[in-house]
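Two complexes are shown next, each including chain A; its partner changes from chain B in the first to chain C in the second.
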Partner chain A sequence: MGHDVTLPERSRGVIALREESCTSCMVCARECPDWCIYIDSHKETEPATAEGARPRTRHVLDRFAIDYALCMYCGICIEVCPWDALFWSPEYDHPSTDVLGLTHERDTLGVWMRSVPSRPTQTG
Partner chain B sequence: MADVTIEWGHTFHLRVLDVGLACCAVEFAAAAARGADMAALGARPFAPEPREANVMVISGTVTDKLAPHVKRLYDEMPAGSYVMSFGSCANCGGPYWDSYSVTKGVDQMIPVDVYVPGCPPRPEALLGGLALLNDRIAADLRAAP
Partner chain C sequence: MTPDALLHLVNEITGATTADSFGTPTVDLAVDAWLTSAAALRDDPRTDMDYFDWLSAYDDGDAGLAVVARVWSVALRHGSVLRARVSRDGGALPSLTGVWAGAAWHERETHEMFGIEFEGHPDLAPLLLSEGFNGHPLRKEFGLASRAAKEWPGAKEPGESVAGRKRPLGLPSGDRWGTT
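On to the complex of A and B.
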């Protein structure tokens, strides 16, 4: 936004979503102290792939949004996610002229995944 | 025409009144300490009194008890002043959205021009907010007849 700031790559600016890892299990939304995560999903039935097998039901994500006006950036959602779908991204700078503009949908949360650093090297 | 002149006068001449009510005020002070960065955006922090300021930055939790005083500060500022809501509490109550005593967003009393998210926002996020405010003032100028 017109000024250059160099931050550590693991600084905790905003929470990003890796959508393909999300199973709509709602653990993050339920553990959130602020209830600032909104998830909608529906069930789809996949036909049986082998003879004698049963059809499988799975959740499909319809909406994943985080209200950053409400979020207290505690990172509990990232800690509890059983599927490693949520990550800290260093992109802190997203002010808005409208309070509704602080609710970010899954496409924006997905774009922030690009600035998430890779896994730390295991040492020792 | 007078409005346009006032708007032009405000462009990159932001005199900031800090309404520091809770922990976000510490981040505001950290940003203000980087005087050169603030000056690059044409902003000067810590206006001595409301009538010498044209931007109000509300950083921290506004309680219902304190809300009338925040409103009074806004009323004492010159007409056409801007308001920045800094941090989750000022944006919409933040972690205290379910509280009996906290105002659920400062925009319930006074019009807010820029919302900066964070709990607290980084000091640099204040600079980002000021940059957005400058853009908005410039856009208002261009839109003026």
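On to the complex of A and C.
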């Protein structure tokens, strides 16, 4: 489906994920009024890098998906994300003929980062 | 007219407590003043609120059910919000259909969604719900089947892929959904 449409760059078409910023903190999934964000993660221990230091535990994201069949595009997940990992993208062309096809996984959510405007709008 | 002047005017015409709500006067009316005050705001040339915008309600817990209506003056470009509280059990309010005919659909919807009677309404048949639907979906005690059927995605802890014990906020507690 391709349409020759010019949209303002800050149009709210879809929600994109910058995966490297996500810490799997679960805040977006818990704040989502529609319960449409699914996150799986596991812990990994990194060995100490210096003498006397402790090994560090970090969370590794296994799954990040948004079910756009349920999402009402309220943007609360973007607002509450403490790590700036979620963004509005102007891309809107993501329909499906199958309801399960509206659940988009992190790879697709990541691709939409390409159209996210680079800086926030300056306001007075 | 400034918001402040309109607030005082609405208060003067209705004689009821009027508060500013984001620049719109919100007047709390007694049930027996509901019709007369609405008609007065419509007919007084200073308010001239001839346009009925909408009517709905909200569940205010122990304080009962609040019916809210917004009216507007097309000519003067100002409006007011009317509010009246009714009992949860058998709450009733006179129908506004004699003042603004357009209130009929709004009162039908509010009747089925909250179980509020509108006395004098020509036909309170269900508007959106199917025939024989049991319950009033916009009351807080009405359990959301979709919430009971679906697992909360936020129950997992960071770094876990199985649900923990965390429960969603803002939803009824207890073992049974729909109980508070």
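Basically, the second predicted complex is superposed on the first by the 118 of 124 C-alpha atoms of A that agree within 3 Å, B and C clash if a C-alpha of one lies under 4 Å from a C-alpha of the other, contacts with A are read in each partner's own complex, and residues count from 1 in each chain.
Everything below uses one rule, namely that contacts are C-beta pairs under 8 Å (C-beta built on N, C-alpha and C of every residue); 3 or more make two chains touch, one makes a residue touch a chain.
It should be emphasised that the depicted structure is a prediction, and the values quoted were computed from it without experimental measurement.
Of chain B and chain C, which one contacts the greater number of residues in chain A?
When the residues of chain A touched by each partner are counted, B comes out ahead.
Output check: A:99 vs chain B and chain C. Expected answer is one of first, second, both, neither. What do you get?
In the superposed model, A:99 contacts chain B only, not chain C.
Quick check on the superposed pair: does A:40 touch chain B, chain C, both, or neither? Answer first, second, both or neither.
Only chain C is touched by A:40; chain B is not.
Now for A:59: first (chain B), second (chain C), both, or neither, which partner does it touch?
second
Applying the document's definition of touch, where does A:68 land relative to chain B and chain C: first, second, both, or neither?
In the superposition, A:68 touches chain B alone.
Of the partners chain B and chain C, which touch A:13 in the superposed model: first, second, both, neither?
Only chain B; A:13 stays clear of chain C.
Check chain A for residues that touch chain B in one structure and chain C in the other, and list them.
The overlap between the chain B and chain C interfaces on chain A is empty, containing no residue.
Along chain A, where are the residues that touch chain B in the complex?
Residue positions touching the partner: 1-3, 5, 7, 11, 13, 33-34, 68-74, 92-99, 101-102.
List the residues on chain A that touch chain C in their complex, please.
It comes out as residues 23-26, 29-32, 35-43, 57, 59, 62.
Which chain B residues qualify as touching chain A in the complex?
Contacts found on chain B: 37, 40-41, 85, 88, 91-95, 97, 105, 107, 112-119, 121-122, 124-125, 127-129, 131-132, 136.
For a test of understanding, state which residues of chain C touch chain A in their complex under the given definition.
147, 150, 152-154, 156-161, 166, 168-169
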